[in-house]
Amino acid sequence: MALLELEGVTRRFGALVALDQVAMAVEEGEVRAVIGPNGAGKTTLFNVITGTVKPSAGTIRFAGESIGGQPSHHVCRLGLSRTFQITALFPEMSARENARLAAQARHARRWQPFGGAGVFRQAAALADAALEQLGLTSIGDTPAGLLSHGDQRLLEVAMAMAQQPRVLLLDEPTQGLSVEETAQAVDTLARFLQASRMTVLLVEHDMEVVFRLAHRITVLHRGAVIADSTPDAVKADPAVQDAYLGGFA
Amino acid sequence: MTTLAFLLTESLNALSQAALLFFLGVGLTLIFGLMRIVNFAHGALYMLGAFVGYSLAKGSGNFWVALVGAPLLVGMFGAGFELTVLRRLYRRDAHAFLMVTFGLALVVGEAVRLIWGPDALQVAPPSALAGVVFLLDEPFPVYRLFLVATGIVVAVAIWQFLERSKLGLLIRATSQNADMASALGVDVKRIRSSVFGIGCALAALGGVLAAPLVTASNGMAATVIIDAFVIVIIGGMGSFLGSLIGALLVGFVQVFGNYYLPDLALAFMYLVMLAVLVVRPGGLLGKET
Amino acid sequence: MRAVTRPILIVVMLALLLAPLGLPPFAMTLLTEALILGLFAMSLDLMVGYTRLISFGHAAAYGMGAYACGWMLLHTGMPLLFAVFAAALLTGVIAIAVGWMCTLATGISFSMLTLAFAQLLYAISFKWTSVTGGSDGLAGIPRTSGPLGFAALSGKSGFYYFVLACLVGGFLVCFALVRSPFGAVLRGIRENEAKTTALGYNTRLYKIAVVATSYALGGLAGALYAPFAGFANTELLFWLLSGQALIMVIVGGAGTLVGPILGAAFFMLMEHQLSSLTEAWALYFGLIFIAFVLFAPQGIWGLATAWLRRDAKAS
């Protein structure tokens, strides 16, 4: 059974059909990219999976449990952690505190209104491990607001990882980075994905990034899936070239 | 009194009340729409308008001088405050504005008390508007009819100004995207000063017009600022039409609530606001926040 | 920084403990009121400084605490100690409903809802005469000593120590709270609420909890004020008091707990000193407040600690 399964997922905004009968299955350990031209419904797909937007129809199953339409903090606690297209951090906290707060969200006593050394110790250990995975240990004490753009994007991934997710959802992890920064960030991500065997759902604009990181690619066009295959097969698919790659020419 | 006559006079009362509230609310919402500032001093400037109006009317012996002069003076004061103080805060978070304008409310409130004294001052409406007319055989103050008319004129004027004039276009552009407007060569700084000034002038206009009804008093700032916020919250922060609808709603709720359920009239206004917020957290015509 | 501020806090604490021995009665009255206001301002700091929930209606907490405590002392014969804490608890419980309503909105609308709620109570306090005494308020509130030998609390210095104990206790509660896992989430909400939600926290519940805690402590301050002054009136629910509390927090230093207490003391001092010099004291106070927001947003305590740290570094 696939770890994350979507069946007939549809989302309408008034007359606009943002997602049209989307079906896909992400296996454990797979890095899946979702691509498509602007307005294809990629971000809506993420929002529907993570519960920020309710699906109009269809089912979403995560590890066999139906999660469609559940509130986002609940979905998140089941083991889906996401990053955002626009960098979202706690700017005045250090990188380590950012990751620690992320890890704390998974702790049973995250509520504790006094003391809490035990909670902090466990969360800090997870945070440090996540920073290490993304090569951010050396900037752990820098306030997140003062980090370079590339490091901020990676810190977001580290925060998601500190939650020990079963699926990591990355929304355009290289958005807003220069060519050079992108290359560095992708190197780090590739190393990290190789080492961690993490299950990942990735939305990305940059084709080079997608072909470098993804095991399998789903192509969305006007809200519907038009291809779902290996990178090489997707590259060769005439329908995809028509709808998507052709759009660049 | 017949039911019809009662409904007519009370509705006109509510409309005149709504007109006063609209002058407050529209200034607040214009300023918020453009600068994302909540002007806490709005009630104090309304009061300042009433007192300046009192002095101008007394000095010149002419209410019309006050009606034009007080908004002008208070508007200039507001623009000056934007130039000297608020301008330093655009890089800071929204809370700094809230604090600074609260400080301004304190200062203006105290200054008014020191200059004009603690007693409420009577302002007479101009003689042409002093009498009553008979509507379905019921006497009704001409002055309230004048308020309704002024409200309609000002609402149409602001609407046309925003839709048609060049400055109105620039204001709308800057409200939607200040950075973009600035990149296109709009002098955003000057727009901000003008709009803050215009908002303050509208508050003062409300103050001058209210003075003959309620007298100019030290307490008027606190009550109206809450009403103004309720209007803007109901209508939606930054929405011109929203402030109009909010003012009408609150005006009618206040007048009819006062008649039917005098003990609950005030609570009723808050209940309306709460109901709106539960259904639409951003207000009737506001964006979701 | 802790090493620099700790000795100061110890000295201040000692001075406060010894104050009744040396100060004239008039100064003791002022000091007691400053401590009560300090507790009130500190309770607001939990919302304003640590969670960036700007409340414009904190007088609601103060007034509710004062009226509840005053009513119990007047009508039930409850001992002082019990009435004060029962009033604080009651305020906290009511604040759960207030928090639930106000957190429907965020940002500025939140501020306005807190204000509206406080004004609603203000209006009710005029109408519900059987309980609140209407525009006269409750007068002649006794400091009933009760059976357990707390008679000392009713005296001037006894009551002072009671207030001091409440302030210190309240401070310790807040101090533990902001350093706990719960406090870490509050800081997250302050800096980026959307992200905090995305991490899996139900931020609304955290906000309701902090509103309830803050109101309970503010209610405690109000509950102390009623037997201190011997009366409770509608002024205690008026928005001006909410504004003054906000000023104390900002001028003292938001997000520091100690700062707002200092801010309250500073406010009392200014009110007392300036009002004997000039009739226009509130005008000057407003100007001082604006100057702080413009030029020293970190407040008195922020300025002081920055200065001490620089001094410590230099030596």
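Each chain gets a letter, A, B and C, in the order it is written, and its residues are counted from 1.
Everything that follows uses one rule, which is that a contact is a pair of C-beta atoms (placed from the backbone, for glycine too) under 8 Å apart; a residue touches a chain by one contact, two chains touch by 3 or more.
All values derive from a computational prediction rather than experimental measurement.
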Nearest-to-centre chain - CA centroid comparison: C
Maximum centroid distance from subunit B, chain identifier (CA atoms): A
Most contacted chain pair (by C-beta pair count): B-C
Mean-CA-position distance for subunit B and subunit A (Å): 47
CA centroid of subunit B to CA centroid of subunit C, Å: 32
Subunit A and subunit C: spacing of chain centres that average the CA atoms, whole Å: 43
Sites on subunit C touched by subunit A in the complex: 176-177, 179-185, 187-188, 191-192, 194-202, 209
List of subunit C residues in touch with subunit B within their complex: 52, 54, 101, 104-109, 111-113, 115-117, 119-120, 123-124, 127, 238-240, 243, 246-247, 250, 279-280, 282-283, 285-287, 289-290, 293-294, 297
Residues of subunit A that touch subunit C when the two form their complex: 50, 71-73, 76-77, 81-82, 84, 88-93, 97, 100-102, 104-107, 109-116, 119-120, 123, 159, 163
Footprint of subunit C on subunit B - complex, ascending: 32, 38, 85, 88-89, 92, 94-96, 98-100, 102-107, 109-111, 114, 222, 226, 229-230, 233, 237, 263, 266-267, 270, 273-274, 277-278, 281-283, 289
